[in-house]
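The two complexes that follow have subunit A in common; it is paired with subunit B in the first and with subunit C in the second.
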Partner chain A sequence: MDFYYGLAQTVGVHTLLGLSAYIVLLTGQVTLAQAGFFAIGAYTAGMLTVLAGWHLVPAIGAGALTGAATACAVGFPALRVKGLMLVVATLAFGEGVRLFFFNFDYQVAKGEIKVGPVGGEGFRQIRFFQENGWTTGEVMLFIWAFVILVMAALWWFDRSRYGAVLRAVGEDEVAAQSVGVNLTAVKVSAMTVGGAVAGIGGALYAHYTTHIEHANFNVLLATFAIAYPIVGGLSNVFGTLAAVIFVQAFLIEGLRDLGDWRNLLFGALIVLAMNLRPQGLFGGRRA
Partner chain B sequence: MLELRGVSRHFGGVKAVERLDLNVAEGEIFGLIGPNGSGKSTTVNVIAGLFEASGGQILFKGGNLDGLPTHRRLQLGIARTFQNIRLFGQLTVWQNLWVAQNAPEDRARRGFLSRWLGGRGGARAEMAGLLEFSGLAHKRDELAANLAFGEQRRLELARALAAKPKLLLLDEPAAGMNSEEIGQLRDRILKLRAQGMTVLLIEHVMELVMGVTDRIAVLNFGQKIAEGTPREIQNDPGVRKAYLGGA
Partner chain C sequence: MLDFLQAVSDGVLFGTTYALIGIGFTLVFGVMHKLNLAYAATSIGGAYAGLLIFQVWAGAPAWAVFFCAFLGGGVLGWVVYVTCFHFIPLSNPLAPLMATVGMLLLIDEVIVHATAGMPQNYPAMFDDVMLRAGEFTLRGDLLLVGGVSVLCMIVLLALLYRTRLGLATRAVSQQPVAAQLCGIRVGQVNAMTFVITGLLGGIAGALIGASVGALSPLLTAPLTVKGLIVTVIGGLGSIPGAILAGLLVGGFENLFQLYRGVTERDLYVMLLLFAFLVFRPGGLLGPKGGHD
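Showing the complex of A and B:
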């Protein structure tokens, strides 16, 4: 049973990661920065529970805030460029964040041991759940409470006028600004909301794995983040969830016997999805 | 209402628009005509703010538009349509209008409090009115991309009107229309004028231009070669030469 709980935790956290890219993708921007915001949320929340002794819930809130603040700050310069240049700019940001944590030492003595992030060795002993005696099932439910909350919020947001504005910008920037949409404001706020969602995901991730290190937040994770909404389609948030389940439960766990060949399948899947169903595997029919 | 003073727009060495003076009065339907490549669309793009002018000044209601981004100009009251239709194809017809409700009073109406005091109902009523005006009420929930060509043209006009503009820039609104549709378009433009709208109409279809405009300016190679009433323009030898060629 624990295996399935663990899988559900991974699916939940990756759904948050995918949704953070979904919001930005609605405005037509392909971003590889989401793993960076995810890492920032993970380290922020982990340090707050472990070093400052916070409860997990406010720590997740802080992870969301730091993710959002960074995304907002990155958004202003990065969103001046489009398309391939934006991909390169956000990729550079994501790698920058990873390398920052690769060099980041901040240890504090806690009883006999020292805790906190130690550069390349990573940040061990993020044991909020264990210290408070949570079972794997409870952790899974806790994570999914956040996933459902975020999905419901984004679902509502998507159907509001604001969602229509995001999609309008994604479709035609010239037309959108000609009907009075402030492109910079829209893109930066989409990026900011995405940063908050990624921060929440990262905060949860840090606590269920208990050990994070820079290598967790590499380009592969950034690629997953953007691949989920691309594979799942932009009709609604459930496409991203379906894509995460498909990739994590079927491609990665279900085909475990194939070993590293799975990565090849993953690449092939994205190429196939883009060619055969550009609206996404689970996306609605588009005109 | 709208005044262009010596406005130029160059693309590298190409002088798409060169020292253009225009003065469009409030409530007027002003035609801008000229052969292909004479700089008409460039003029619209410069007024709407998609291109920055290389020189000269554009005044709207006495204020200088210099350096204002497109969305700010819209909020001041300048809306436009595109020569090649640019709808949000994956949004429904009414969502296209919803996104375009960016007039200052609409923005105020979206404030937290006013939204609960009937602001939302007001926005819906206005959209319903625009759909009625454009003959699209029955297509309300259709994706814009699924509309027929003539319907797309009508929706684009409705979308421009959704921002409650004072000045409407129409960039070849009759392109590709049959003569029945052109007739309907003329009726709509005249209805808008009756409501006090100012229109800058760029058009090749003379049937429409000569029927609705109060005054016309003619461009050739980026420069104004004539200005006057439709009758004066029709009898202008320079205009005939520009259109028909010859020495």
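Showing the complex of A and C:
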């Protein structure tokens, strides 16, 4: 049973990562920076619970805030570049964050041992859940509480005027500008919300895996982040959830029986999915 | 001063390979207005394909391996076109991008499977030649890398500006509908673009393998990132820009490594990219405001 709880934890955290990319993709910006905000949320929350002794919930909040602040700061220069140049710029930003953590050392002595992130070795002993006696099932429920909250918030955004404005900017910027939509405000706010969601995801990730290092937040994670909304379709949040379940539960775990062939099939199935259904699993016109 | 010159010269010579990768990205973008994220994987895959010649000809000389890599890259380029761009309708810009990511993962995994994950030694030419001028050395194999890259760029530019295929390619990149009205088969031109960039990529991969001495599937990710950085710094769609930017990035990368060490080197390359994006989003030789 613990295995399924663990899988559910992974699905939950990856859903948050996918949702953070979903909201930015709605505005037509393809962003490979979500793994970077994820990393910032993870290290911030980890350092607050381990080095400063905070409780987990305010640490997650702080992770979300730092993710949002960084995303806001990235959002403004990102406005100067469009389309595929934004892909490269955000990719470089994500890699820059990873390299920053690769070189980041901040250790504090607690008792006789030193804790904290150490550059290449990573950040060990993020043991909030273990020290406070949480079971795997309780951790899973905690993670999914956040996932459901974020999905509900994004669903509500989608149904409101804000969602319509986001999609308008995504479909045709010039037309949106001509009816008075403030492009800067919309794009930067979408990036900020995405950064906050990624920060929450990262904070939860750091605590359930207990050991994070720079290599966890590489280009592959960034491409997974945009793969989920693209494969799931941009019409609603359930598309992203379906894509995460498809990729994590079906492709990664379900194909485990195929042993070595699993990794080959993974890439091949993504290519096949994009050829057969380019608009995504839940894509197409909204009902 | 000597260290500085040495670092710059080594970096610029190695940067010619980055220039080739950048040209591949920028050519596909210029013609199809789409990004082919599988390009560096095509390059490394072509280089591995070059090693296949040892199966048929045990003592093959290095130039035979390079030629085989050249051909392998072309084949892989065509495969990427058919699987990622041919069947997906143009109205979905995100789907081909994701499909190329899938191909990147697939090519990487095929390489890992075929070689059991072990890095493979790559033959080099002139690796025992060292030109010296006092304490300043120029590695012979790096000079060859630079020379072959320059040759490839000249051939490519001649192809684009002096042949009918090049004319058709430029026509499709500027006005696809008008080109079709003139009787140019857009699908064929796109496929040829991918084959040509694949050929270039195969050579680039072989040259990188030759100058590093070994090939490993781990090379794909950093090469993709550096190639994209070179493309953007040079200006999306501009081949001379990609050439200049490749040399620039190669030189700066080595300088950063000299002054700050290898762990922080890539961080500064990213900062170089951001400096360009803030001050000159169009890149070195692109339009000032940037492409869409």
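Everything below uses one rule, namely that the second predicted complex is superposed on the first by the 264 of 287 C-alpha atoms of A that agree within 3 Å, B and C clash if a C-alpha of one lies under 4 Å from a C-alpha of the other, contacts with A are read in each partner's own complex, and residues count from 1 in each chain.
Please note the rule applied: contacts are C-beta pairs under 8 Å (C-beta built on N, C-alpha and C of every residue); 3 or more make two chains touch, one makes a residue touch a chain.
All figures in this text were calculated on a predicted structure; none of them were measured in a lab.
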### Touching partner for A:R161 - first (subunit B), second (subunit C), both, neither
first
### Task
Could you say whether A:V179 touches subunit B, subunit C, both of them, or neither, answering first, second, both or neither?
first
### Task
Could you tell me if A:A215 is touching subunit B, subunit C, both of them or neither one (first, second, both, neither)?
neither
### Message
Counting residues of subunit A touched by each partner, does subunit B or subunit C come out ahead?
### Response
C
### Message
Tell me the contact category for A:V57 with respect to subunit B and subunit C: first, second, both or neither.
### Response
neither
### Query
With the two structures laid over each other on chain A, which partner does A:L264 touch: subunit B (first), subunit C (second), both, or neither?
second
### Query
Touch check for A:A145: first (subunit B), second (subunit C), both, or neither?
neither
### Message
So in the superposed three-chain picture, is A:E171 touching just subunit B, just subunit C, both, or none of them (first/second/both/neither)?
### Response
first
### Query
For A:V108, is the partner it touches subunit B (first), subunit C (second), both, or none of the two (neither)?
neither
### Query
Which parts of subunit A are touched by subunit B and by subunit C alike?
none
#### Entry: Residues of subunit B defined as touching subunit A within the complex
48, 50, 69-71, 74-75, 79-80, 82, 86-91, 95-96, 98-100, 102-103, 110, 143, 145-146, 159-160, 162-163
### Message
Show me the residue ranges of subunit C that touch subunit A in the complex, using the header's touch definition.
### Response
29, 34-35, 83-84, 87-89, 92, 94-99, 101-110, 112-113, 221, 224-225, 228-229, 231-232, 236, 263-264, 266-267, 270-271, 273-274, 277-278, 281, 290-292
### Task
Write out the stretch or stretches of subunit A touching subunit B in their complex.
161, 164-165, 167-168, 171-172, 174-183, 286-287
### Query
Where on subunit A does subunit C make contact in their complex?
25, 30, 77, 80-85, 87-89, 91-93, 95-96, 99-100, 102-103, 119-120, 218-220, 223, 226-227, 230-231, 260, 263-264, 266-271, 273-275, 278-279
